[in-house]
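The letters A, B and C name the chains in turn, as written, and every chain counts its residues from 1.
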Amino acid sequence: MEHYNMNLTLKVWRQKSANFKGHFETFKVAGISSEMSFLEMFDVLNEQLVAEGKEPIAFDHDCREGICGMCSMYINGRAHGPWEQTTTCQLHMREYKDGDTIVVEPWRANSFPVIRDLVVDRSSFDRIIGAGGYISVNTGNAQDANALPIDKQKADESFAAATCIGCGACVAACPNTSAMLFVSAKVSHLALLPQGDPERNTRAVNMINQMDAEGFGSCTNIGACEAECPKGISLENIARLNREYIGAVFSGSGESKS
Amino acid sequence: MPLSSKIPSGPLESKWKDYKSTCKLVNPANKRQLEIIVVGTGLAGASAAASLGEMGYKVKAFCFQDSPRRAHSIAAQGGINAAKNYQNDGDSTYRLFYDTIKGGDYRAREGNVYRLAEVSANIIDQCVAQGVPFAREYGGLLSNRSFGGTQVQRTFYAAGQTGQQLLIGAYQGLERQVSLGNVEMYSRHEMLEVVKIDGKARGIIARNLVTGELERHFGHAVLLCTGGYGNVFYLSTNAMGSNVTAAWKAHKQGAYFGNPCFTQIHPTCIPVSGDHQSKLTLMSESLRNDGRIWVPKKQGDNRKPTDIPEEERDYYLERRYPAFGNLVPRDVASRAAKERCDAGYGVGSSKMAVYLDFQSAIMRYGKVEAHKQGHSGADNATIYKLGKDVVKEKYGNLFDMYAKITGENPYEVPMRIYPAVHYTMGGLWVDYELMTNVPNLYCLGEANFSDHGANRLGASALMQGLADGYFVIPYTLGNNLADDIRTKAIPTDHPAFVAAEKEVNDRITRMMNIKGKESVESFHKRLGKIMWDKCGMGRNAKGLTEAIAEIKALRKEFWSNVRIPGEIKEFNPELDKAGRVADFLELGELMCIDALNRNESCGGHFREESQTEDGEALRDDENYMYVAAWEYKGDSQYELHKESLDYEVVHPSARSYK
Amino acid sequence: MNWKDSFSTSIGKKLQMSLTGLFLITFLLVHCYINMQIFYNDGGTRFKEAAHFMGTNFVIRSVELGLFAFLILHIVQGLLLWAKNRSRRTVKYAVSAGNKTSPWYSRSMALLGTLILLFLILHLSKFWGPNRYSQTFGAGELDLYTMMRDEFQMTWVVVVYVLGCIALGWHLLHGFYSAFQTLGLGTNKYKGMIKAIGVGFSILVPIIFALMPVAFYMHWIQ
């Protein structure tokens, strides 16, 4: 593919910490190669800022291959930018052309407070998993793996839900800051497997209670989460979570530990 | 101090069983009094923290990422090996053990590797019980595929996201223990020092990366599960944050570093596209099951790959290694690619790439599929379409990733690939119990040196991480802590903690006060270039000697000219990175010293002075059948301790995949 | 947790919206069917029969109480949810995704609902209110057909009615599917069907409603 260089204007959110008010700052970057990833473009900008004696922009990133879920930029109004099913780190600069202006914001949700600049605190997701997103099996003498055959289609669906990387784009994209897609992906992953069956009721109820306690908004079936999910997690999972929850509460067996 | 690997006596098959039945135990009431620090939450760390929490220990777990779920184990693609023999193809614990020893070019301990093979089957059972959605056949049973360096199908997988699924399994177990109060989780924390009291590891100094504050944490034992140090090369398939800092601090506190030069260069990565490159992306080894690697037969052939006819292609792996073909181990495949490119047959704009081609696999699968669906006389276009769907199901996410990064469609144009740094077999020296030579300091997973010798086979890293965390440490830790039950928790105002914290604080302050001109990133890049050029796929005495001098000079420059913006007591990623690069600048030198010392070629370590006439690696068992364990003796001073490797069962021979 | 407590959770509240919404959809269907009687153009004979039944039948009148309860619940809960959800993002985005990731009406349910509510106030004050008042205070049933014919001669009334029906259509376009999704029926198997029926319903029913004032205004029916 032909590559080219470009000059860009970046408007980036700067915020010293959760206790400070944030603001936009405008930067110019020159000679950006179309082969760079979006974050490599930020590397260039940060090197430039360090050279100028300014503070570089803080942003979360780690694996840079679209799987760790750490990167989290809201680019020109889109969680992870304009490419479908793509994390920020996998977005490449050939999307842009010379002279473009790009506005970059952090995930904005009260349940994801800003730590600095584009870095937010997503520990609420860990606590939701801790509330029930697991199968209670201690390390030790599990039975032979093939003693429990699982319908391939179910296993595949479970896998599809389990590919969630916990990046929080669903919350960032949702007008209500709802975390339902994230929660439903975990509930679906486990509910579709026979191993997850014994705890299905308490799991759905406890995870939803924790989700509410963390202050996420409620789902109004808008679907922006699905559109922005870098792993293509389907809204069908939210329908399943709703079923699981209704089943749990009305069967009377969804008594939570609290 | 002589190195004792503490391998139990007795026949190979019963060493671990005997150990488990005779090791000392800690009773439940005492476990509640014992505090364990786990640094790192990848497969090894998360599985260890979760298992120890379940057992009743008081665990504190640390990771530098914002959540334990993001550790770089998550990026492992291809799969995890286990000697289940579900495919009835003659697999067994012994064969997995043998393949691993041979794959590691006879530079690993028999006892450790046998144990690894032995517990491999339990790992799969454990993970399935946790709900890891492995790939399955239509009958509902688990599916397997083959990986490099083996002739059986023993690799379990979840599409191209096996590491993710396994890590999420361990992470869920960990979060369950966190919510039960058995594990305290410290994310966005980086360990910066091991605290030793009376010669034993009794805690750590960690920096809260959000506030920049230093914290003291006591533990009866400290487990380092901090992964590999491939980022010393700057460009690698590791995550941006992967670092050697924790292991290096332990090394400077007396823990020996084992075989630091053993680096795995993975043959199938997306090639470098320019100077801006920040990391390299792996294309799973599983692709070599179906992809064929080739270069044009003519040097400097600039035609499009699709225009080069079959007879003008050189499938060099199939040509050189007919028995294993495209499935030779990683070190062999990487060197072969480098050889072709160095000889002028490379492809792409940089000429530093070879093709990985799926056309024949697509047609082969297409025919099978057409037959299955009853189109016996299907035309090529139909066959191609059917085949493409099969390939998509198997490797879809990898193909998508390739397309996003390169802008090319790998279903139509062959992938361009080139070797890249991927894994480090070297690491902190540990004994059979995974304890370093510093008492109560353990090292698990990629961070330790054991099990893989000089080269790791594909799909074995996940196996080792989980084996260490789920199945080994719960026994070996208890065996040692049984003697520690009378040790009360040591308050963190103990002079050793105060001194360690001061040490860390001084170092950070010194670094911040340099206020030089060059960025941390720039130093890292320069170090990486030295390492890749002189301590990469091919190494020689001259280059290594030069590298040592260059790294020393670079280190000096770093400590006088690095520029770190911002403050200490705040969220400051540049400062975090500076600390890591400073440690890489010391480790790089040790790697070169080790590579210079080992004047033989074995596994991933290829000394150009030591090769056969047709360019194959030439091992020197007479002189180098040992683990090189380096002791830190002060700035640039390292003392070599040799742990000789005694093969009782396997007889080392020239490794051949021809 | 008791199942009753579940109504206070986020899913519980959505369930209330879903169930009341489905009840209102059912009501719309009945209301639409009754009013369609005017299209016989028989001077309102059939319509009056049906209206009389609906206005005097004991069961229907009881259900009417439930209808109002559900309507109020739907309105109050919907507005509360809207306010709560809005408050969860104190700092707004400078650039929004707009319609690239979701249709505008799915994000504007509270606005559309409020418009419908305003329309409803007008509508009830014109027909239902006077009728029930008259019934309750002895003057007996009013001639709704004639009232309609008279009211719908005023241009502004017809315009407001048509606008109300348009708001209703958009509201239903999201609401119909959303109600089923909340009940967990939005599976890949049924989602297409639910969406298709939803689209049909949201177009057809409001058009039929809108045709009534228009038909009187244009003197298509006498």
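Throughout what follows, contacts are C-beta pairs under 8 Å (C-beta built on N, C-alpha and C of every residue); 3 or more make two chains touch, one makes a residue touch a chain.
No experiment lies behind these values; they were computed from the predicted model shown.
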item	value
Top chain pair, ranked by how many C-beta pairs fall in contact	A-B
Core chain by centroid distance, with centroids computed from Cα atoms only	A
Farthest-lying chain, centroid of Cα atoms versus that of chain A	C
Between chain B and chain A, distance of the C-alpha-averaged centres to the nearest whole Å	26
Approximate Å spacing (C-alpha centroids) for the pair chain B, chain C	61
Inter-centroid spacing, chain C versus chain A (mean Cα positions, whole Å)	36
Set of chain C residues in contact with two or more other chains	none
Residue ranges of chain A touching chain B (in the complex, touch as defined)	1, 17, 33, 35-37, 39-40, 43-44, 46-47, 49-51, 53-56, 58, 60-70, 83, 85-86, 90-92, 94, 115-116, 119, 121-123, 125-127, 129-131, 133-146, 148-152, 155-156, 158-159, 162-163, 165-166, 189-190, 193, 195-196
Of all residues in chain A, those that touch chain C in their complex	11, 22, 24, 74, 76-79, 103, 105, 108-111, 173, 175-178, 205, 208-209, 211-212, 215-224, 227-228, 234-236, 238-246, 249-250, 252, 254-256, 258
Contact set on chain C toward chain A in their complex	1, 3, 6, 9-15, 81, 84-98, 100-102, 106-107, 109, 174, 177-178, 181-188, 191
Touching residues on chain B, where the partner in the complex is chain A	47, 50-51, 54, 65-70, 72, 74-75, 84, 86, 122, 124-131, 133-142, 158-159, 161, 163-165, 168, 171-173, 175-176, 178-179, 185, 187, 210, 237, 239-241, 273-274, 276-279, 281-282, 400-401, 404-408, 470-471, 474, 519, 521-522, 563, 565-566, 570-571, 573-574
